[in-house]
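The structure under discussion is supplied below as C-alpha cells; questions concerning it will follow.
For reference, chains read A, B, C, D, E and F in written order, and residue numbers begin at 1 within each chain.
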Amino acid sequence: MIETFLLKEIAERALTEDLIYGDQTTEALFPRPTPAIGEVIAKEDLVVAGTDLAQIIFKIIDPGLSVVIERASGTQASKGDCILRIEGDGRAILKGERTALNFMQRLSGIATLTRRFVEGVQGTAAKIVDTRKTTPGFRILEKEAVRLGGGANHRFHLGDLILIKDNHIALVGGVTEAVKQARADLSHTLKIEVEAKTHAQVQAAVSAGVDIVMLDNMSLEKIQDAVGFIRKNAPSILIEVSGGITLDGLSDIAKSGVDLISVGALTHSAKAVDISMEIKGLPQA
Amino acid sequence: MIETFLLKEIAERALTEDLIYGDQTTEALFPRPTPAIGEVIAKEDLVVAGTDLAQIIFKIIDPGLSVVIERASGTQASKGDCILRIEGDGRAILKGERTALNFMQRLSGIATLTRRFVEGVQGTAAKIVDTRKTTPGFRILEKEAVRLGGGANHRFHLGDLILIKDNHIALVGGVTEAVKQARADLSHTLKIEVEAKTHAQVQAAVSAGVDIVMLDNMSLEKIQDAVGFIRKNAPSILIEVSGGITLDGLSDIAKSGVDLISVGALTHSAKAVDISMEIKGLPQA
Amino acid sequence: MIETFLLKEIAERALTEDLIYGDQTTEALFPRPTPAIGEVIAKEDLVVAGTDLAQIIFKIIDPGLSVVIERASGTQASKGDCILRIEGDGRAILKGERTALNFMQRLSGIATLTRRFVEGVQGTAAKIVDTRKTTPGFRILEKEAVRLGGGANHRFHLGDLILIKDNHIALVGGVTEAVKQARADLSHTLKIEVEAKTHAQVQAAVSAGVDIVMLDNMSLEKIQDAVGFIRKNAPSILIEVSGGITLDGLSDIAKSGVDLISVGALTHSAKAVDISMEIKGLPQA
Amino acid sequence: MIETFLLKEIAERALTEDLIYGDQTTEALFPRPTPAIGEVIAKEDLVVAGTDLAQIIFKIIDPGLSVVIERASGTQASKGDCILRIEGDGRAILKGERTALNFMQRLSGIATLTRRFVEGVQGTAAKIVDTRKTTPGFRILEKEAVRLGGGANHRFHLGDLILIKDNHIALVGGVTEAVKQARADLSHTLKIEVEAKTHAQVQAAVSAGVDIVMLDNMSLEKIQDAVGFIRKNAPSILIEVSGGITLDGLSDIAKSGVDLISVGALTHSAKAVDISMEIKGLPQA
Amino acid sequence: MIETFLLKEIAERALTEDLIYGDQTTEALFPRPTPAIGEVIAKEDLVVAGTDLAQIIFKIIDPGLSVVIERASGTQASKGDCILRIEGDGRAILKGERTALNFMQRLSGIATLTRRFVEGVQGTAAKIVDTRKTTPGFRILEKEAVRLGGGANHRFHLGDLILIKDNHIALVGGVTEAVKQARADLSHTLKIEVEAKTHAQVQAAVSAGVDIVMLDNMSLEKIQDAVGFIRKNAPSILIEVSGGITLDGLSDIAKSGVDLISVGALTHSAKAVDISMEIKGLPQA
Amino acid sequence: MIETFLLKEIAERALTEDLIYGDQTTEALFPRPTPAIGEVIAKEDLVVAGTDLAQIIFKIIDPGLSVVIERASGTQASKGDCILRIEGDGRAILKGERTALNFMQRLSGIATLTRRFVEGVQGTAAKIVDTRKTTPGFRILEKEAVRLGGGANHRFHLGDLILIKDNHIALVGGVTEAVKQARADLSHTLKIEVEAKTHAQVQAAVSAGVDIVMLDNMSLEKIQDAVGFIRKNAPSILIEVSGGITLDGLSDIAKSGVDLISVGALTHSAKAVDISMEIKGLPQA
C-alpha cells in the first residue's frame, strides 16, 4: 500500500508536467464552470489499477469534484465497464483526464499482464514475482500493480536483500567465496539469494547455505534437475526461476516444483491497456 | 535536446530510489575498490537511446569512472554490439547498472518502435508523431526517444497548442462554436487543431480556418475522402490521422496524402528492448 | 489560469522566506489568539491582480481565517477601495501581510501598466503582448497579470514558438537560411516568427513564408512601409512590433495596422502599486 | 554575500522555467556546436549587479564556456561598456541569454536606483536602507543588490528584529504596552524597533528604551522635532525615517540628522536597466 | 512558534524515510481498518514537547484519526501520564508510532534538560540560552524545545547577530580591530557580541562598546571579576557565560550576576526521554 | 555506505539552515580571501564518524579548500588528535565550522557509544545492533555511525523486515494468529521476527517457525530460559534481546548465548563527543 501523502506528491509532479503553462484549450473554451460528468471506461477486459491515484489527481485540480470508484483496484473490469465516475466542473475533468489515464492505462496494463502469468501457474505452488526492471522513479507504483494482478514482490531496492548475481560472482571469483564474504558483514535482517547458471553453482549455493537460489536462464530440464537436487539436499531453500520467461513455457516451469518465477516483462514490457474518458455536459445547477 | 542539468536531476531521483539504503550486496562483497570493465551490450537489433543519461548516472555514482559511448543515441545497434563501455571501480558499475539499463531499455524501446513506424511510411510525405500518452514525469525523455527514432513531436503539454478534442466539442456544442470561442481569447503564438470524427466535423473545421485537422479513428476510405476535401478547399491546413494506428494499415494511410500520423503506442506500449551489462575484473593497477 | 496546487507551492516558498525563523514580533506581543479584521486597501487607482494568491497565503498560515475577495482580479479598484477582507486571528493576518502585499503590489502593478497600454491602442486592431523579460521563476504569475490587464501573452518559454532573433540570424548567416534550417526539423505544432530589423529582412521573411514577422526597433515610417509590404504580399502573416515601445508613440504604431505590439516594460519595469493593510481589533468572541 | 550553492539552486530553478521543453529555435538552427562570442553590453549608465549569478547560469548550461566578468558587481558601467564576455558554443550562450539578462537587468536596476539615493544623502550621516518589500523568494538577491548600490540592509525576515508596526500597536493598545510585552519574552540577540506616527508615540518609544525609532510618514518639520527630542533624551537610539521617500525631499530629510532612511521603492519599483547581449560567430577551431 | 506548513514539511520528510516502501508488517496483518485507541504515555517525569508535530504526523497518515493532546507542549508530565490519545484505524496509529515518538522523545528530552538548568538558576536574574550546536536541519524544532523548557534562544543562524569568536579574533588580529572592522559594514538591525577568554579581551570589548560580552571558559573567579568590571564601566552591556557549563557549578555562576548562561548540551547531548505508545483494540463500529 | 550524491543533498540542506542569510560576522570582518589553516581536534578519546560529510561540507562552500582526513571514519582518535585538516580561505572554513562539527560530534558520539557496547560483548557471539529510534531524516547517517562503531544494523524502515511487535499482537489477538496472517501475504525476500514478552509467546513463535525471536524486557533468568528452549527446539532461529539494555548488565546477557542485543540508546541518547576547530592565519600567498 502506498501512503496517500506519497501518492499526492507523485500526482502533483505529474500534473505539473502537463499544466505548468495552463490548459490553453480548456481555458479558452470555457470561461465559466461547466457542469459535466466524466466516465472512465474500460475499452478492453482488464485488471484495474491506479484508481486511488486517479482520484487524488482529480481532487488536486478541484476538491469540489465528486470522484466515485466503480471498479476497485485489483478487480476485473470488462470491456465497456465504467471504472471511475467524476462529476463536477467539466474543466477540471478535462485538465486531469490525460494524466489520470496515463497512470491507469500503464498500471492496469501491468496488473492485467501479471494476472495472465498468475493464471498460467494456477494449480501449482509457484508464485509470480516482479523484478527491479521498473520505470525509474515509479517502482512503488509498478510493484503495487503487480500485487493487484495477483503477483508478489521481489526486492524493492538494493538494500533489502543480498542478491549475488552473475556480475558479482565474476568479480569476486566464485559462489562459495561470494557467500562467505557476504556473511562476514551482514545485517541479520537480510536473506541471501544467489543466482546460479550452472549445476556447479547450484551445488555451491546449497553448500553455502543460502536462503534462496535463483536458477537463471536454464532449460526446463536443467531446472527440473536443480529442483530435485535442492529439495533433496536443502528442503528449506526457496527456488526462484528467472530469465526470459514467457506465457508459453510457464506452466511446465511451474510444474517443476519451483517456488518463485520472476518475470521482468511484467513491468518493463506491459502494454498500456485501453481506457478512455467520456465526458457529457450536465444542465447548469 | 534535454539540458544536462535536467538530466542530472532525473538521474539523481532515479538513483535515490535504488540506493537510498545502500547496495548491501556490493558493499558486503567488495570492501575495497575493484578495478573492472563493464560493457552494455545490445542483445537484439535496436535504435539506441538514453546513452547521455546512462553516462550521467555512472558519473554521479563515481566521477572517477571512464564512460565511453560506443553507439551514439539515434544510431542503429546490432545484436552483440557494445553500446557503452565503462571502466573503473567495479562497485560503482554494479550500483548504477540497473538504473542505467532501465532507462536505456525503455527509451531504446521507444526509439526502436518509432523507427519501425517511420520505415512504414517511407516514400510518402507523412511524418510519424507521438502523443501525450507518456509515462507521467518522463515526457521530455520519451519524446526525445521518439525523435531519435526518426519521429517528430506533437505538443509537449496542455499549454503549447490549442487542440480541441471530442470531449471539448461535446461540452461546447460543436466544432464551429468551439473554434470561434478559442479564437476570442488566444495567444497569437498558438496554432489551433481540431479533432474530427465525421465529414461534417471536417467541413466545420475547414470553414473555421483551423491550422490542423486531426482525423480521429476514421476508416481508410473516410481518410481518403477527408484528405481530398481538405486539399481542395484549404491546401495550407495540415492533416493528422490518429487512433489505433498499427504497422499493418500504416502504409495505406500514409499514401492517402496525410501530413502526420500520430501513434500513442510509441510511448505507451513500446516494449523494453533487451540490453544487458557484462562486467569483467581487471588486474589491480 | 494558474492551477491552485501550483499557487500553493509558490505561496509556501514565499512564506518560508519570511517565516522560517518565526515572526518574533507578533509572537512576543500576542501569546493568545487575537480576533481582528484586516482590510487590504488600494491607495491609488489600479487594476487588481494577485487576489487568489493572497487568499491562499492567508489560508496556509491559518485555515480558520475568513478571506473575502471584494475586488476580483482583473477589475478596476479606486483609491480607497477594499480589495480583500480578512477576519480571524490577528496574528495570522500580521504574519501573511507583507508576503501577500508583495505579490499583490507587484502583480497589480503589471496589470495596471498593461491596462494603460491597452487603452493606448483602443480603436485599433493591435493587441498588447508581453515578452520573456519576466522575473525569473515568476513568469506564469506575471503573464497572468498581463492578461488581467487586458494584454495577451507572447510565448512562455523557449519551447513553444520558433522565434528567430538577431543573434540567431547573425550566427546562421541570414534570414532565408535560418528559416530553411528551422523548417527542416520542426514540430508541426509550432509557428515560426522572425525578427526583422531591415526591409531586406522583412522581404526575406515573407518569401520564406513565416507565420509572424517581428519588426524590431524600426521607426514609425519603416513600420508603415513594412506593414504595407507584408499586407500586400502575404496577408495571412501576423505583424508584431517590438523594441522600446512607450505610451507616447504607441497610438501611431497601433494605427499603422500592426497586429501585435510587444512591450518588455510591462513585466520588467512596472512599478509596484500602492496597496496597504489596515488591521483593527475585534471584541473577543 | 550569497553562497555559491544557493546561487546555483536559484539559477537552476530559473533555467528550468525557460528550458524545460528545450530551446526549439536554437536546436533547430544549430545541429552542431557553433563557436561564438557573446558580449553583455550596458545600454545605459548603471551600477552592475548579478554578474556572479550570470556566470553560474552560463556554466550550468555548458561548463565548457569561458565566462569573463569585465565589470564586477558593485562597479559603475557606462553606456556601451562590456560587462560580461562569454566564449564557446554559441548555442549555450543563446540558451542562457534571456535568463541571465533578466537577473542582471533587474538586480542592476536596484543597485543603480540605490546609488542615486545614496548620492542624495552624501555629506550627511544618513544611510539608505531597504525594506521587506521585495519580490517573494528573491529577497537575498535583491538585498545584495541594495548593498552593491551602496545601501545597507534592514531586516531579512520576520525573525531577526522586533519591529513593532502600526498594526501591532493598534491590536495591542499602545506603544508602551507593546514594548513591555515584547521585552517579557525576548531573545537577547534581538533589537527592538518601534514605528511612530506621532510625537506621543516617539515619546513613548523613548521612554520604553527601544533601540530604534522609525518615524513613519512624518512631515520634514515633524521629523526635525522628533530628531531633536530623541537626540536630547536618548542619544544612543537610532532614528529611521520611512514612508514615501523620493529623491526630491531626500536631502532635507538626511540633513535633519536621522541615521537611516528606508526606501521601499529600491526593491519594489526599480526599473530594469537596459542591458543586452551581442553574439558574433567565430571561425571553427 | 513554528508555522504549521513548515511542520507538515518536516513531518512528511520524516514519514517518507520510514514508509517509502510501505509498512509490510501492518499491511500483512491487517487487511481491513481495525478500530483502536493509542495512548502516548510518559514513562518518566518530563517536560512535554513535540505534540503539535506528533498530531500532524498522525493526521498526514490518516485524516480520519482523532488526535487529542492531553498534556500540552511546555507542561510537566509525570510518569504514567497520557500525553496524546489517538483513536481511529489502528493501522494508521501503528504506522506513525515510531516517527511521532522519535520526535517527541528527542524534543521532550531537550525541554526536560532545559527545565533542570532553568531550575538551577532560579532566584537569580540569569537566563539559560541555547547555542547553534543543534542537529543539522532541526534547529527550529530544537530551539522551540528549549523555549518550552523555559530557556531562551541565542541566534538562529549566521545572519542574525554579529558574534566575534576566538577563531575570528585569531584571524583578524585582536578584539579591537575586529569590532572596528565589523562596525564599518554593519546592518543597523544587528547587535555585536564578542567572545572573551581573558580580562584583556573583556576590557577591549568594553572599550569597543559592544552589546554583549561572552565570557568563554573562564573560572568562577574570573567570571566574578569580569562581571564587576563590566557592570562598573558599561552597565548596559549584556554578559553571557559559555563553555562547559554543567548543573554542578551552575548556581554559583548565576549568582555572579551574569545575564545569560549558554549551554550547548541542551541540544547536543540531551538524552531522549522515555515515552511509549500503548495500543488497544476497540469493538468494530 | 552512503552515496556521495546523497551526502551532498544532506550537506546542502544543513548549510542552508545556517547560511541562508549569509554569515554576517565573517563577511563584515574579512572583505578579502584570508589564507588560513583549520584543524578539527578531538577533545576527548572517541571513535571517528562523519569525516566524509565534513569534507563535502567544506568543499560545497569553497571547492578551492584542501581538506585532508587525518583520522578516517571508524578509527579511534585520542584526545588532542587532529581528525581533519583544512587549508585555504579562512572565511570558508569559518562558515562551515559549526555545521561540520555538529555532524561530526553527533555521529562520532554514536560511534563511540557503540564501540563501548561492542567491547562489552567481546568474547561472546553476540552482536550489538541498533533500532529505528533515530533522529527523523537522519537514519542512514546514524546507522552508518553504528557500523563505524562496530555494531550491526537492524532494519532501516518499515518495509524491509516483518517485525511483529507487542502492539501488533495486541490488535491481532496472539502470536500464532499474527504469524499465520503475515505468512499469507508475504514477499519471499522478507524474514519474520516476533517480539516475545513471555515464555508462552516464545513457544508460540518457535512453533510458528519464525526467523528471529526478540526477547523483550525479560530478566536475565528468563532470557537464559528462553535461549535454552529455542536452541533446543529450533537451532536456526536467531535470538535478539531488547529493552532497557545498559552497559552494566550487558556482559551477562551476551554470555547467555543470544545472537543479537539491540540498543535504542545508541542513537537516541548518545552524547555529542567534544570536537573543536582551531583556525590559524597563514601568510598571504
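In this text, a contact is a pair of C-beta atoms (placed from the backbone, for glycine too) under 8 Å apart; a residue touches a chain by one contact, two chains touch by 3 or more.
None of the values given here were measured: they were computed from a predicted structure.
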Response to the item:
Shared touching partners of chain D and chain E are C, F
Discussion item. Rounded to the nearest 5 degrees, how far is chain B rotated relative to chain C when their C-alpha atoms are superposed?
Written reply: 180
Fill in: Most distant chain from chain B by Cα centroid
E
Worksheet item: Since chain A and chain F are copies that touch, is their contact same (over half of the numbers shared) or different (under half)?
Response: same
Worksheet item: Cα centroid separation between chain B and chain F, in whole Å?
Response: 44
Worksheet, complete the sentence: Note: chain D sits from chain C at a C-alpha centroid distance in Å of 22
Worksheet item: What residues in chain D touch two or more of the other chains?
Response: 19-23, 27, 95, 156-157, 159-161, 186-187, 190
Practice prompt. Once you've mapped the touching chain pairs, tell me: line, ring, star, complete or other?
Written response: other
Fill in: Chains that touch, pairwise
A-B, A-C, A-E, A-F, B-C, B-D, B-F, C-D, C-E, D-E, D-F, E-F
Worksheet item: Which residues, counting only chain F, touch chain A once they are in their complex?
Response: 127, 129, 152-156, 159-161, 186-191, 193, 212, 238, 240, 259-260
Discussion item. Under the definition above, what is the set of chain E residues touching chain A in their complex?
Written reply: 12, 15-16, 19-23, 27, 60-61, 95
Worksheet item: In the complex of these two chains, what residues of chain F are touching chain B?
Response: 1-6, 9, 140, 156-157, 160
Response to the item:
Interface with chain C, chain D side, in the complex: residues 10, 13-14, 17-31, 34, 36, 38, 90, 94-95, 97-99, 101-103, 105-106, 109, 132-139, 157-165, 167-168, 170-172, 178, 181-182, 184-187, 190, 264-265, 268-269, 271-272, 277-281
